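Note that the chains are named A, B, C and D in the order they appear, and that numbering of residues resets to 1 at the start of each chain.
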Amino acid sequence: MSPDAVPILKVNDLLKRFGGFHALDGLTFHVSPGEILGLVGPNGSGKTTAINVISGLYAPDRGDVVFDGVSVGGMASHKLVHRGINRTFQIPKPFLSLTVRENIAVALAYGRAEVTPPSTAELLVDFHLDAVADRPASELNSAQQKMLDLVRALATRPRLLLLDELAAGLNPTELDWIAGRIKTLAKSGMAIIVVEHLMGFIEQITDRVIVMNAGKEIFEGTLAVAVKVPEVIEVFLGGEHAA
Amino acid sequence: MPSLARHTLFIAVPLLALFAILPGVYNNHLLLFNFVIFLILAQGVNIIYGFTGYLPFGYVGFFGAGAYGFAIMVMHFQSPAPLAVVVAGLVGVALGLLLAPLLRLTGAYFAIANLAAALAVLHFVANPALESITKGPYGVALNGTFNPTMAYNGALIILALTLGIVVFLRNSSFGLALQAVREDAFSASMAGVNVLKMRMIAWLASALVAGFAGGVFAWYVSVFYPDNVFSADFSIFAIVFALFGGVATITGPIVGVVILYGIYNLIGFTTPQYFQLIYGLLIIGLVLFLPAGLVSLATRRGWYVP
Amino acid sequence: MLAYPLIAGLLFGLYFSLVGIGLNLVFGVMRIVNLAHGDFLMLGAFVGFGVFYLAGLDPLLAVPLAFAIFVLVGIFLYGILIPRLQQSVNPEMLSIILFFGLSQVIEAVMTIMFGTSERSIPSRELGSLISKIGKLLGASPEGGPVVILGQSFPAAWVISAITSVAAIFLVYVYLYRTRLGTLTRAVMSRRDEALATGINVDRVCAAAFGIGLALAAIAGVFAPFMFGSVTPAFGADATVTSFVIVVLGSLGNPLGTALGGVVYGVCYMLVQTYLSSWADLLPYVLLILILLLRPSGLLGRQVRVA
Amino acid sequence: MLKRVIAAFAVGLALASQALAADAPSEIKIGTLYASSGRYASISMPVHSAIKLWVEQKNAEGGVYVKAFDKKIPIKLVAYDDQSNTATAATLYNQLVTQDKVDLLVADSGSVLTAPAVTIARDHKMFLFDQTGTGASFFSKDNPYIALMADPVSTIWPKPIADFLTKDGPALGIKKVAILYSTNEFTGTQATAVRKFIKEANAPIEIVYDQGVPTETTNYTVILNNIRAAQPDAVIHLGYAPNDIAFLRNVQDVGIKFNMLFCIYPGLETELLEKNVGAKGLQHVFTYVPPSEMDYPVNFGMKMADYRKAWDKKYPDGKIEFGFNAVAGYTTALVIEKTLSVATSLDQMELRRAVFSLSGNLKTLDGTFALDEMGGQVGELTPLGQLQLNDHGHIKFVAVYPHDVATGKPVYPKP
């Protein structure tokens, strides 16, 4: 949107090893408030690992994550949440035995202390969970669980939101609707990183994409340009997700 | 009325009042005392297993450590009994801190490691090399503190404390956050919950009440061997009672203790020879047909169980 | 001085590998903690008593018999217990309680049937068939201790160790050279995916459960020779020891158990030699250390920390 | 008005119950516990079975003679199963005292299950008939509510072994002694006693090996190798029955020969040991000579042979071994019977007085009943003996020490 804005997140030369395998191998990028950045690449290219490192599940083996001017690489997840980073999960993991309302209550009580939390009622209505508010999360269908996961993240009022394959498994109507929601969130000033396989969805919502392969960035720019770059095409044709 | 007050007023207070009155009505005070001890232990298991999902298969370790903490205070420092009970609780917490690294393990691994830890403490305390401190395998005989009435009252105070903790957990976002950690630790941390700290608090609270319980137990019985206070039966009974009623509730473990320990004593009094058999079958039936405890009969219908 | 405990530890440890391997197979395949494992050892010992005292035969013949009986028992028990258990929210935890109940039932029934006193079989009877055949073939009959590197060891130890190695080898053949074994490994590494790919997981699990119990039972046949005697209450301690061995090797990797057993055996013998009164502390301390320092066990790869 | 009626009624009731108290009760209630399963079942069941046998026998005769009422009164045995669980045991002891209001309180077998009874009995001022709980901590000058019926206290029990070693040992060529014991109250205290007696004797006897091992130990091969390395002339092994079984089997299996080897249980539970170790494995083993082999002169109750017959008749299936514990249970019963026949009331202190009055006078199949001032058993001592095979390959006891009861000479060194 506004490329001149000061980036809220800067990722610098990230390296993450699992045994001998380099899941991230010198990844560098940044994202600004209000911007929606897409992370794309074949399976195993390091997209989810990048999100996991940024959200504090793994400490990087090298390199740094700078959020809002502060180095946060390797910081505990809950502290990152308190600073304003949050995420959703590829396979959502709501607190199954708690009700939807209680799920949200946890995030409201333990989220960022310095901001006014959103109201539970609003969140429930906005994400179509009001009808099941007092049911245990275990009774939700998978789309509802994804929404609850997103609501849990939003309840902490993040400044940077990482969405890990939020769109997978949603039908076209739901896709359109959620795309609109994400854009609204970005307009409010939130920085959003989207990891997605659905290229149509990526095209619809992102301002910019980073194409990853083998833990490295191989392209940065708009998706429209990316699909014309031979290196990108090769990576995707070689991979299984050529869609 | 907020539910915290309601639960205190309608569950904790009547239960405590009942056990305060019963000794005047029923003469087998030790049976009542053991009921109180198992109420404490079952709620202690509830704190750590019900709210955080760690199955403390060696829960008796804290209990036994508490009993020996009490005994050492009395034998070596001529401490008055109430002070020794306080120390017993602290010994439980100290052991909890020592074993805190076990919280890194999950599922069956934690349960097994915890069992091993309890056995390690037993064999440590019972080692003849420590005879001058713990009396080793030769057993403890405490003089000067024997006072069953006071010990019973002490147990009631500890039960009150334990119920207080559970009522708080059931009615606070702290309790919700613990359950969130139980369901998925990383997801909970992404809700802003400091997973390690929360677990640690629950673990130590659970160790504290078991240590206290061990302390009053030692006070009441006065003469005991390591095998008495480290008997695996304490862990297993407390876990089975809590599960039978239903964990992560206030009433579940209470119902579990009253029914199962009641039946246990009834069988013991009437059909002793098949005691173990009946009890074993009861446990199998519980797991197969009521895995979420008695309270699930109500929650399945959508009723709220405090 | 050092050679003796090392060789003894190796023989003892190989036998302990057999003691633990069934427990690990059951856990690895089903994520079920068989707390009645030791009781199946005890039952195996009673099969041995039957073969020797009722039929007057070499107790070694109880090995195939116990195996056959307990594969069937295992498949039967699997059918009535496990599918129901798997439906619950947390089968891994509940299995601990369920099998504790089963262990109570087994001990109670055996006590009612056979009384409580120690039983065993004279050591020279183990392998009497082999020495008879040897005599027929003209070999000099070997009685008494076996001499290894100038040191004498009980013949029963050597026979147990050899049988254990054979049994572990057969487990290896089953897992890596048969179709059902390959499927078993598939279920072990990824249960969900195995289900998705259309493997009959129930059949694989029932077989693994049966084999797991049968391995415990054949280890039990040797128990009177390794532990002097067996009573119906023998199970509980055997279960805990089995856990130590299994965790040492790596929980969920049956072949790691072979290493776990040997490490346990050698350590035990060394502690018995140099610090005998602390020998009982060793298994638990080892277990906790292994779980904390190398949570995946000596041979494990999977991560199991929270 | 109503109050007054109730008060009058209460007074009447009180008077009535006082009048009743002078009358003989319809039965004497004896309360006890046993463990049908678990760790202590194998020592508890023989003791309990013996008491049951006695109760049945006495009731068939119309009861026991109770001096307090000068007539025979049937016995009611109130017995609960504590499953070897001490917390359960504690509750059940209390149940016996407070709910069943038993006249006499008898402990379960063994120190661990006796421990909870000691406190409860003292608290309720009930005199505890302690059957085999030999724990030294139970007996103190300020607790009058306990006496040990059947086993000698652990601190005195092993005196014959130590005396044999220090008095007869040097002449036989015994110079070096090894002590191996299980670290529990029962055998640990005996080890301490042996050590103390040997040191006090100032004899030329050296303790070259002295180790405790956990009670759960069932594997002695490596330890045997270590003991052998110390080259002792005599090995004293103090452990429970399963320890002895494993130890003696290991001795045989490894093919070690010690010149003198002492174990406790070949004497106490001979049948059990013979079944598990074999007669050959017991040959020349030194042990305590049980009362069943001594044929003590009896001035009360059945003689050993008659008791054995009665036992085999009542328990023909052999699930419960006839041994030292079976005798211990019967001895307790005899002490109770005799006590009731001399006590002038069922008051607990009177029971105590009656029990102590038997000290030194009561001679049962278990030997002479004698108590020290704290209630510890100091009579019923078991002489040191040696197991030898007779011509038919059967085991026989040869008492070797003290000399006044000796029936033969020890075989030393073991051939």
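The working rule: a contact is a pair of C-beta atoms (placed from the backbone, for glycine too) under 8 Å apart; a residue touches a chain by one contact, two chains touch by 3 or more.
Please read all numbers here as calculations on a predicted model, not as lab measurements.
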item: Contact distance in steps, from subunit A to subunit D; value: 2
item: Chain closest to the assembly centre - both centres taken as Cα means; value: B
item: Of A-B and B-D, pair with higher C-beta contact tally; value: B-D
item: Remotest chain, subunit D as reference, centres from CA atoms; value: A
item: Separation of mean Cα positions, subunit D and subunit C [Å, integer]; value: 37
item: Centre-to-centre distance between subunit B and subunit A (centres being mean Cα positions), rounded to whole Å; value: 43
item: Rounded Å distance, subunit A centre to subunit C centre (Cα mean); value: 48
item: Residues of subunit C whose C-beta touches two or more other chains; value: 89, 107-108, 111, 277, 280
item: Interface hub residues of subunit D, defined as touching at least two other chains; value: 36-37, 183, 212, 214
item: Multi-chain contact residues (two or more partners), subunit B; value: 123, 127-128, 273, 275-276
item: Interchain contacts, given as pairs of chains that touch; value: A-B, B-C, B-D, C-D
item: Subunit A partner contacts - residues on subunit B that touch it in the complex; value: 173, 176-177, 179-180, 183-184, 186-196, 248
item: Contact set on subunit B toward subunit C in their complex; value: 53, 55, 57, 101-109, 111-113, 115-117, 119-120, 123-124, 127-129, 185, 232, 236, 239-240, 243, 273-277, 279-284, 286-289, 291-292
item: Touching residues (chain side subunit A, partner subunit B) in the complex; value: 55-57, 76-78, 81-82, 86-87, 89, 93-98, 102-103, 105-107, 109-112, 149, 152-153, 155-156
item: Subunit B partner contacts - residues on subunit D that touch it in the complex; value: 36-37, 79-83, 85-88, 90-95, 98-99, 111-112, 115-116, 118-120, 122-123, 135-138, 140, 142, 183-185, 188-189, 212, 214-215
item: Touching residues (chain side subunit D, partner subunit C) in the complex; value: 36-39, 41-42, 45, 84, 183, 211-214, 216-219, 221-223, 225-226, 229, 241-243, 245-247, 249-250, 252-255, 272, 275-276, 278, 319-321
